[in-house]
Amino acid sequence: MATRIPVLKTYKLFIGGKFPRSESARYYQIKGPKGKLIANAARGSRKDIRDAVRSAREAWKPWADRSAYNRGQILYRIAEILEERRSVFVDEICAVTRSGRAAATTEVAKSVDRLIWYAGWADKYMQLFSTVNPVASPYWNFSYPDSTGVVGIVAPEEKSLLGLISKIAPAMASGNTCVVIASESAPLSSITFAEVLAASDVPSGVVNIITGFKAELTEPLARHMDVNAIDYSGRDEATIKALQEAGALNVKRVIIRRDPHGESWLDDSRAQSPYWISELTETKTAWHPVGV
Amino acid sequence: MSHSLGTCVVPMNAGVTMKRNGNGKTATARHLEIVEPRQLYFGEKWQYAPSPEKKDHVKLKKHYDLFIDGKFVPGKSGKTFPTINPATEETLAEIAYAEAADVDRAVTAARRAYDKVWRKMPGSERAKYVFRIARMIQEKARELAVLESMDGGKPIRESRDCDIPLAAAHFFYYAGWADKLDYAFPGRKARSIGVAGQVIPWNFPLLMAAWKIAPALASGNTVVLKPAETTPLTALHLAEIIQEADLPPGVVNIVTGDGTAGAAIVNHPNVDKIAFTGSTEVGKMIQRAIAGTNKRLTLELGGKSANIIFEDAPMDQAIEGIIDGIYFNQGHVCCAGSRLFVQESIAEIVERKLWDRMQNLRVGDPLDKNTDVGAINSKMQLNKICELVDAGVREGATKHQIECALPKKGYWFRPTFFTKVAQSHRIAQEEIFGPVLSVLTFRTPEEALERANNSPYGLAAGVWTDKGSKIFKIANRMRAGVIWANTYNQFDPSSPFGGYKESGFGREGGVHGLASYVELY
Amino acid sequence: MMHVTVDQVGVEERARKLSTRSIKTSSKREGIKLIISMIDLTTLEGKDSPGKIRAMCQKAIRPLPGNADVPSVAAVCVYPNLIREAKRCLAGTNIKIASVATGFPSGQYPLDIKLADVRDAVTMGADEIDMVIDRGAFLAGKYRKVADEIAKVKEACGPAHLKVILETAELETFDNIRKASWIAMESGADFIKTSTGKLKEAATLPITLVMLEALRDYWYETGKVIGMKPAGGIRTSKDALRYLVLVKETVGDTWLTPDLFRFGASTLTNDLLMQLAKEMTGNYQAAEYFTID
């Protein structure tokens, strides 16, 4: 019996709800632990970053204007689709990383649960972080969180699926849109996850995912004047300092997470928190007179 | 018709111009000056053809059993009672009649499920079950809506657009809390209470079941729920969903019956918490009955809510607010805006606009997609409404009731409002729970507040004004649990609902709703 | 009642609820025919030519050739230069000729030019004039200027009916729309009309609801009956039927006539005909069976 020749998948970028190749038409090779070529990944460029930020900005207001309930439902929908495709991700993680099958299975299951956790937060974080302030004059005074805008996310290198999701979900929950630089060494599951996003009622441009060399991509993202916050996970101190400096250009909110790291992405007490939502919001306070 | 503004229907033709008012004043006047009675003509020039919602996809059974320990079982006594379609007076199904022995079985199952499974399950896993229920309600939404309208008489438009989506949303919302309780009560540790006994009314059958079950499950309690005698069907279909969602047996038990079963739940020694929605009279009985026990109690009771319209209100939206406030769900709404307070300077135009607007209320077949006002839930309720309306007429208020054809069978009441109502009239004091509005007038905000608060109830209030500071002033001063500003009858799972004073205590909805189902350490 | 405010959330909610009315079978058939009889069949393009007008007038007279049960439209709406051609084509019919004037669509011309524009159109045979208000003046708070202009245009109209276009998208708020409606009615409008059709945003249900409520209040107050014309953006039967529902339930039967309610539309007609054919035959229709004129 003749062997069936498998069909290989082309991995591209995810920008504005579409899957374009890099504008630069460059690639880099993703190999398995034993050196076998798994796939070519798109090597994104600064122009891809530019396009992604433009999509994220366009998507931001309508996304932020959706009801919290609706954002929660969409996050939950992502979890449903991811649950259904678990085995795809397990295979992919096993092919690219040194993760064993059991560890990969755990990571994917945790990814689903984390999405559901944040789906629940979408219509609850506001009740946690809002206040009515008892000012000493006849005014009604209240404070509440508002999404900060376009968030640039640098995903962690390790736990490339769970880490990515753990960063995207809290950003999305409050109405931010994001441009994500995926794990450089293991980008494939990020792009496959983009396919899940595209099938989950997530509006185009809310999440944009760029693969490539972080050394090339991080700086244009951090220096982009239309990005409101940078959310970095990793321990490269030189990059951290560069991000913090670049942030000063337009007073970006710069979030640096050296922790969680490695296996601790699986630890709920370290890798998920409503404060991760709140850190990507602005507090707005309104005063209103009380009288007839 | 006994409308005080006159009954003249002006036949209108294009281009007809009527006489201006005497002083020749034009429209720059702040408010309408009515020259002579003029009434819009809402006739038959273009009619809506019947548009009945299809029933063929509804799996209605002839007989329904109790849902205990994950299974449908007959009542021990074997007795049943019919549930009736109030729009046709036809029997829809026979329902098992639960008595104390059945309640005992249900409580025992709930206790066992609590101790063995539910209290030990991690919140994140509990959440998944509750999310499943939410999703399955969404999937079966249309079937549930049709059932709700058949069993309770409410228009399909409301069950389809309001009851069912909100019920799903409640499960969805509270599912998310199941693994987040630590954040809801900062500095304290929240633990579940145990077995919750829940007794719900007939006005929003599935929605009330959702309000009760969702927070109870999310916070780790198990449930024995009794739906109202006249509207058990959607709760029993919810039981099917719960079974299909594979919830561990005993986590939710649904017993159908009347006050006998309700009393058995309230008095059962193994029930740790009672949640009741219904009349103030029964609420007081329950509060008395559990005195001396360790049972926690939340009550959501009656109301006679004030809807206050100021002269600077966005007027046409206020008219809609009045309509929604009192004619939504045939007025079977605990927070119905049944006392309308209108500033004297606009009373005449508000009454006129209200009257014209009411001509478009379509009363009839609840399953017709264009019906606005459906059937009164039961014969008993219809009698109560008629009695109070008669009292209103006898006490000297002026009755305005639209003239519309009613179906020959079923329980119906035409939308009605009263003017010349005094604060002391029964129709201004007692909860009618029907499509009947009492219109009172006031002169100043202070007077409005004083009179609106002059009630033993305190469930909700509406305030209509274009002036923000006035809204906050009224909101601050009203002794009521929910204040709607420039809107009425808004509900959302994230928003707490509940009353002051004799309208009950405890809140349902939002983070506040969790407090009713946890013990804090 | 000019100064009664409008709550945006409330009026949008009301329009949304009314749009859930279920219009089936006989009410759909009757409604569609009524709508066809209320159409101002419109072409307002730089490339309009006598040929185009001839074709459109044929459509106006007999929207569905071979079916006398389908009524003619109420009017054709054209630029002044094409009035004469339209008049030739429509001779002997009851179809009215409406012409835009007053420096349509911007209205940013001196008053005497606007008035000359109107007088010329009437002289050439326009039965109805669709004027635009000076939105710049309105938004600058010069309400008297807006009102005076409308009054002068009305005078220039002579026997012709005056429709006043508010261009609601540029007024933006419902409060403004109500105020502008009131000014127009006070100043002599026979109809108030939402839009020129030249902007992306045109007629919507909530805007039409606000304007119907304004003209109803004006009638309460004065007894004068004013007509209403939503224009632009109404492309499907489903949409148009929702407008009819608004009329039926806001102002009642009196207004359910081409004398008092019009649809300004260019592409709506064929969808109405397709839906009508569907109702008559039971089959969903394809666009290619309906003539494009």
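So that you can tell them apart, the chains are marked A, B and C in the order they are listed, and the count of residues begins at 1 in each.
We adopt the following convention: contacts are C-beta pairs under 8 Å (C-beta built on N, C-alpha and C of every residue); 3 or more make two chains touch, one makes a residue touch a chain.
Quick caveat, the model's predicted, so the values are computed rather than measured.
Colleague: Counting C-beta pairs in contact, does B-C beat A-B or the other way around?
Modeller: B-C
Colleague: In terms of CA centres, which chain lies closest to the overall middle?
Modeller: Most central by this criterion: B.
Colleague: Quick check: how many Å separate the C-alpha centres of subunit A and subunit C?
Modeller: 49
Colleague: How many angstrom lie between the CA centroids of subunit A and subunit B, rounded to a whole number?
Modeller: Measuring from centre to centre gives 41 Å for this pair.
Colleague: Which positions in subunit C are in touch with at least two other chains?
Modeller: Counting only residues that touch two or more other chains, subunit C contributes none.
Colleague: Two-or-more-chain contact residues of subunit B, please, as numbers and ranges.
Modeller: Where subunit B is concerned, no single residue meets two or more other chains.
Colleague: Going by the touch rule set out above, which residues of subunit A reach two or more other chains?
Modeller: None at all.
Colleague: Where on subunit B is subunit C touching in the complex?
Modeller: 12-20, 26-35, 38, 40-51, 157, 161, 312-317, 320-321, 349, 352, 359-360, 369-370, 466, 486-487
Colleague: Note which residues of subunit A are touching subunit B in the complex, please.
Modeller: These residues of subunit A touch subunit B: 68-69, 72-73, 76, 113, 116-117, 119-124, 127-128, 140, 274, 288-292.
Colleague: For subunit B, which residues count as touching subunit A in their complex?
Modeller: Its residues touching subunit A are 124, 127-128, 131, 169, 172-173, 175-180, 183, 445-446, 467-470, 472-473, 476, 492-494, 510-511.
Colleague: Touching subunit B in the complex: which residues of subunit C?
Modeller: 1-7, 9-11, 13-14, 20-28, 30-31, 34, 182, 185-186, 213, 216-225, 227, 244, 248-249, 251-254, 256-257, 259-260
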